[in-house]
Amino acid sequence: MRGGLLNLRIWRDPILVAISLVALWQVLHEIAGDSAVTAPAPTLAHLWEMIGQARFLPHLRETGLAFLQALAIACGGGVLIGVVLGGHKLTGEVAEPILVALYSVPKITLYPVILLLFGLGMPAKVAFGALHGIIPVVLFTMNAVRNVNRTYLRAGRAMRLTPAQTGWYVLVPATLPEIFSGLRIGFSLTLLGTMLGELFASQRGLGFLLMTAIDLHDVKTILSIAVLISVFAIGANAALLAIDKRLHRGAAPEAHEKP
Amino acid sequence: MAGAPRLAAVENAASHKVHARLEGVTRVYPPRAGHGEVHALGPISFDLRAGEFFSVVGPSGCGKSTLLDVLAGLAMPSAGTVEFEGKPVRGEVPEGVGVVFQEDASFPWLTVEDNVSFGLRRAGVDAAESKRRVDFAIGFMGLRDFSRAYPSQLSGGMRQRVCIARTLVMQPRLILLDEPFGALDQQTRLLMGDELLRLWRETSATVLLITHALDEANLLSDRIGVMSARPGRFLEIVETGWPRDRDSRLAERPDFGAVTARLWSYLRGESLRAMGQGTVAR
Amino acid sequence: EDIVVTHYGSLLYGVPYAIAMEKGYFKEAGVDIKGILTSKGGGTSVRNMMAGDTLFAEVALPAALSAIKEGFNIKIISGGTNGRSSFWVTRPGEAIDKPADLKGKRFVYSRPKSVSEAITLSALKSWDITAADVKMIAIGDFGAGLTALEHNKVDVAIIPEPIYSQKEKAGTKYKTLGWLDEKLPAYAQTVGIATDEAIAKNGPKLKAVIEARRRGVEFLHANPKEAAEIVAKAYNLPLDVTTNAIDNIKKMNPTWWSRGELAMPLMQSMADALGSVGALQLPVDWKATLDPQFVPAAAAKTQ
Amino acid sequence: MSKAGWIRTILLVGAVGALELACRTGAIAPTMVTAPSKMVTTLVETLRSDEIGMHLQHTLSAVAIAMSIAIVGGFVIGFVLNWVPFLRRAFSPFLAAYYAIPHFAFYPLLIVIFGLGPVPLIVLATLFAMVAMILATMAGLDRVPRVLLKTARIHRLSLVEEIWRVRLPAAAPHILSGLKLAVAYSFIGVIAGEFILSTSGIGHEIAFAYDNFDNPRMYALILFVLGIVTLFNMMVFAWERRMLRRRGA
Amino acid sequence: MAGAPRLAAVENAASHKVHARLEGVTRVYPPRAGHGEVHALGPISFDLRAGEFFSVVGPSGCGKSTLLDVLAGLAMPSAGTVEFEGKPVRGEVPEGVGVVFQEDASFPWLTVEDNVSFGLRRAGVDAAESKRRVDFAIGFMGLRDFSRAYPSQLSGGMRQRVCIARTLVMQPRLILLDEPFGALDQQTRLLMGDELLRLWRETSATVLLITHALDEANLLSDRIGVMSARPGRFLEIVETGWPRDRDSRLAERPDFGAVTARLWSYLRGESLRAMGQGTVAR
């Protein structure tokens, strides 16, 4: 198979982009100066040093733990809800407008409600993360399910699949590319949401580090954390893309046939 | 396919004189985006006898696929009732019914092999038996070279064969086929027809076949329902009287042509009517 | 038990708590503090305290006043920090040397009707300059203000400690406008609060927290060097920065870290400042707002 | 009203009723959530005051600009990425990762580049909304049946015509997920930005109420935002329903 | 369709003895997901004469659709060259070529009417003329009652008719049809075939028709290419020698059956080979 994870060719182009991003960063630094953007080299050195410190690990673990739980909820729940809302017309028509409208309100304003429901601490952070990430997954899945070729559904009914089987064996594979688009957005937003949760109340976590850095106007640390998170998110995205490609390789449309 | 547990089917077929029954069935598509309601089918009343091979012919757009949907439980009749093996069919496909659709219904995310074994796996047939049936079906459908290919790598006719295989491996007691050979060349059609006949004989399944080829309908069927232009009704149900033990050599019989000619004569007017009609409410 | 301290880990309100933690004063006073939560902004700090099992919080006075005014069941039970801990700065070389130079200049503050706005306007008023004479620009946080200052989008910004010391160390030059608030009356910045429920149930613990904090303040004045070391560790800041920052604050205002006493005049002057920008409705019903029973005798004495 | 509409109404009325009850009986403290009736009366009061019009105008114009740029730009960029395999390969891993970046940490940078006006807000919201649109566009274009593309080529359509008359309509149902997110994110981007970056706008008013513990006003304004967003969404939903009906879903 | 500006087409047809030419054309699908490369077509060399009616018959999966793609410029040959009206075809569809695909290619977001007028609008045909042609085509295809319906409201055969109409209203000089009547009943097929012949005579367009019905190929064509099992090559090109002015009554001629029989004999072996073959690289 071409497109294996170790294939150099598929990494070349993203690496070129990454290099251009760093160059852009340098340019921004030249324009804006240290008080808005520190230069790439010292920032990366600072990041390296930060990661090396023993006190960094508990922060990372704290955020990681919350993030993983939130991610599981956002992805699992998102696909499930998406399939149900997309597959069952009435449920979808009833629930979708409510969900989307609620989602469109900046989550920060819902903070008191989250506090009310989940209290202070880990559950609230997880809820905050999941809340950010779940709707994109739901929307992408739901929309794809709604537009699934009706013949596949008819074939499923003719084979007497239960609703759950139809969901898992027909709707999910038929909509895999969209689900993965949703998952990619959902992944990133869950990460962001988890950190936002830490901004509000915390004693540990990347969000805590970020908040104190912002408070101190410690631009180098702010950027270091941003870079760390971005690299993580980009890596995860690339992995999701690769999985996606493998999973629907048969159904994948051929590249445009160029004259 | 061959040599599979078919005793159940035989018993079942024997115990029901009538395998499926339609009574006063009509289907009207409700008005929708840009078009008024369409009275597509009926009223139709007829019995599908247990173990018979029944074909339906009729002009394009007359309601054949609609009839199949209603019979399979994929669509609810607007009026009337459908029964299968004595139990009412209401919006759900009964166990023991297999359907091949007019459209390409192969799952593009599965290989040919996985497409064919899809229903078996869901039904919990054990792996060895499943593999045996699938291998046989794939080989018989001429897809052995492509068992690991995906549908996007197949020609139109090959995809249609995948769908036929997927249904037949399930060994349904009532097989509903909507122009299953539409994208196949005539020689392949004949081969498939013969094999379908053999299968039908061996399993005593009941078959309802929608086809456009009158010769084919004639050759394969015990009875042939000729449908009118929309709203589809049976103008006539022709009994062929062919022996159960028949194959494509039947076409050489002198009385064979007479039946085809009779179908022709019924249909000529209906097709013209279907193409030129201007009577239905917008 | 957990407590909430506004901007703990960055700004210096939390110094006495860091010392008390390090030195074990909390335990000695009879309360086992597990963690100090930080949070951004007064609104969130108060909400966090109400939602969680947190015993006590040190928050900005305006937040406490608004919350009480809006019917939150909390009381102010101790004093926190009083007076100023930040510098008004402009770009080096900018010709702002006397009150008259301020006219028409662009001032940055964090949020409308916030402390920073109230205090800035009060300071200007003390030089007979009105809001109409200058341009007030809200920008969110101090960091953004500094960036804006550097890029000549504003003329005067506020830098609190330890950011100032940190910037200084990094070699960034500012021109401080120390005279700007000379005539400004002293005001209270942060206060200790607790819910009515905690007050009823956990009196001794609250007392212990306030007492431990008081000892932290005493220690800070007695051993400035070690205090700076403790803060450097707790806040993960360079030692010279914390040393410098604590020094600067003490120079500006020796009693910035109060010993816990509820200093009425200081609170009143903050309330007045807030009232003047419409951030608070006057008068404040102090009786319903304060609960002085936990202020330690030792602190009350020094007042 | 449709069946779904009725059920939705009943559900909402039920939920609101339950909340009202919980608030009235004191099960939920007024310091946490305001009773719905109070929200509405406060909203009416708020809307009567003069300044709200100005805030509304600021917010809505920023949202409108961000949304339009995001939708059109997102489609164009998505199309280009889909069209040029090299670009797609290169940029795909970065696109969705964008959402993980704590953008609020970069407000100072935005101010330096775009100044202190409404521009940084609009930039922020546009970027936030556009990425979802790009991803949905790419996924949607992948779904265009090959035979329809062949048909376009048979008709010798120019690139623009092909996009406009074949690819866009064929992909439209799939792009909808991006469109819905783009609507949501334009609102979120602008309003959340106003929390910090601005001295006017609905977002600023909400943040102000939040900081001042003025719960009734805060919830009233959130309710108001909900209303406006729902209005926008309803247009998208109506369009979607019509489209799906035609296509036989 | 009828009575349209057809002079240009006539002249064009006259000035080129050879309308389209394939030389040494092969097409190999590259290996992809789960399957090795597939040598689908060729090498094939043949000339499509200007104004002729050429049919292609062959077993399912032999490369007929692939041939059409290459000829239309929709796919590049892996080797060899394609020419249309003297100019090389390289990955772009030349002006004057119309194609009806094997799959349903109706645009689901357009009504029948808008589907049919799709190409006309952009070709700049004026509104009145466009309307005239569209109305005629819709009526002729028996879709008058459904002109404002969307494809999802049509039967399989009706959708196919929409696609045929969409292509024919453009009055192409080279018409490529991939089993256009696959979903139509025999009577309708005959009607359509006759109309296609009439159109072909009137416009002097060149027609290449892929079909599974040997009778149909025989009846309609000047020449019939019989394709081998994959990789598809012409085993034989049969010249029918029918008069230009023919219609379905031709089937009554005594020599008609002989041609069909000849096609049959070629194909029998190929279909068997196609179904059972096990020679190609995985």
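By written order: A, B, C, D and E. Residues from 1 in each chain.
As a convention for this text, contacts are C-beta pairs under 8 Å (C-beta built on N, C-alpha and C of every residue); 3 or more make two chains touch, one makes a residue touch a chain.
All values reported here derive from a predicted model rather than from experimental measurement.
Undergrad: Could you tell me which chains are in contact with chain A and with chain C alike?
TA: D
Undergrad: Shortest hop count from chain B to chain C along touching chains?
TA: 2
Undergrad: Chain pair with the most contact pairs?
TA: So the chains sharing the most C-beta contacts are A-D.
Undergrad: Taking each chain's centre as the mean of its CA atoms, how far is chain B from chain D in angstrom?
TA: Taking the average C-alpha coordinate of chain B and of chain D, the gap between them is 48 Å.
Undergrad: Using Cα averages as centroids, what's the distance between chain C and chain D in whole Å?
TA: 38
Undergrad: Which parts of chain B, given as residue numbers and ranges, touch two or more other chains?
TA: If we look for residues of chain B contacting two or more partner chains, we find 32-34, 103-104, 111, 150.
Undergrad: What residues in chain C touch two or more of the other chains?
TA: Those would be 50-51, 141, 143, 146-147, 151.
Undergrad: What positions in chain A touch 2 or more of the other chains?
TA: If we look for residues of chain A contacting two or more partner chains, we find 32-33, 35-36, 112, 115-116, 214, 219, 249-250, 252-254.
Undergrad: Once bound in the complex, which stretches of chain A touch chain C?
TA: By the definition above, chain A touches chain C via 32-36, 55, 111-112, 115-116, 119-121, 199-203, 208, 211-212, 214-219.
Undergrad: Which stretch or stretches of chain D touch chain A in the complex?
TA: Checking each residue of chain D against chain A gives 2-4, 7-8, 11-12, 28, 32-33, 83, 85-86, 89-102, 105-106, 108-109, 111-113, 131-132, 135-136, 138-139, 142-143, 146, 173-174, 176-177, 180-181, 183-184, 187-188, 191-192, 195, 203, 206, 210, 215, 218, 222, 225-226, 229-230, 233-234, 237, 244, 248-249.
Undergrad: Name, in rising order, each residue of chain B that touches chain E in their complex.
TA: So the residues of chain B in touch with chain E come to 29, 32-35, 38, 57-61, 64-65, 102-104, 111, 141-142, 144-146, 148-150, 153-158, 161, 179, 182-189, 191, 212-214, 264, 267-268, 270-272, 274-278, 280, 282.
Undergrad: Would you mind writing out the residues of chain D in touch with chain C in their complex?
TA: 30-32, 107-109, 111-112, 115-116, 196-199, 204, 207-208, 210-215
Undergrad: So in the complex, which bits of chain D are touching chain E?
TA: Per the touch definition, chain D meets chain E at residues 145, 147-148, 150-151, 153-157, 161, 165-166, 169-170, 172, 243, 246-248.
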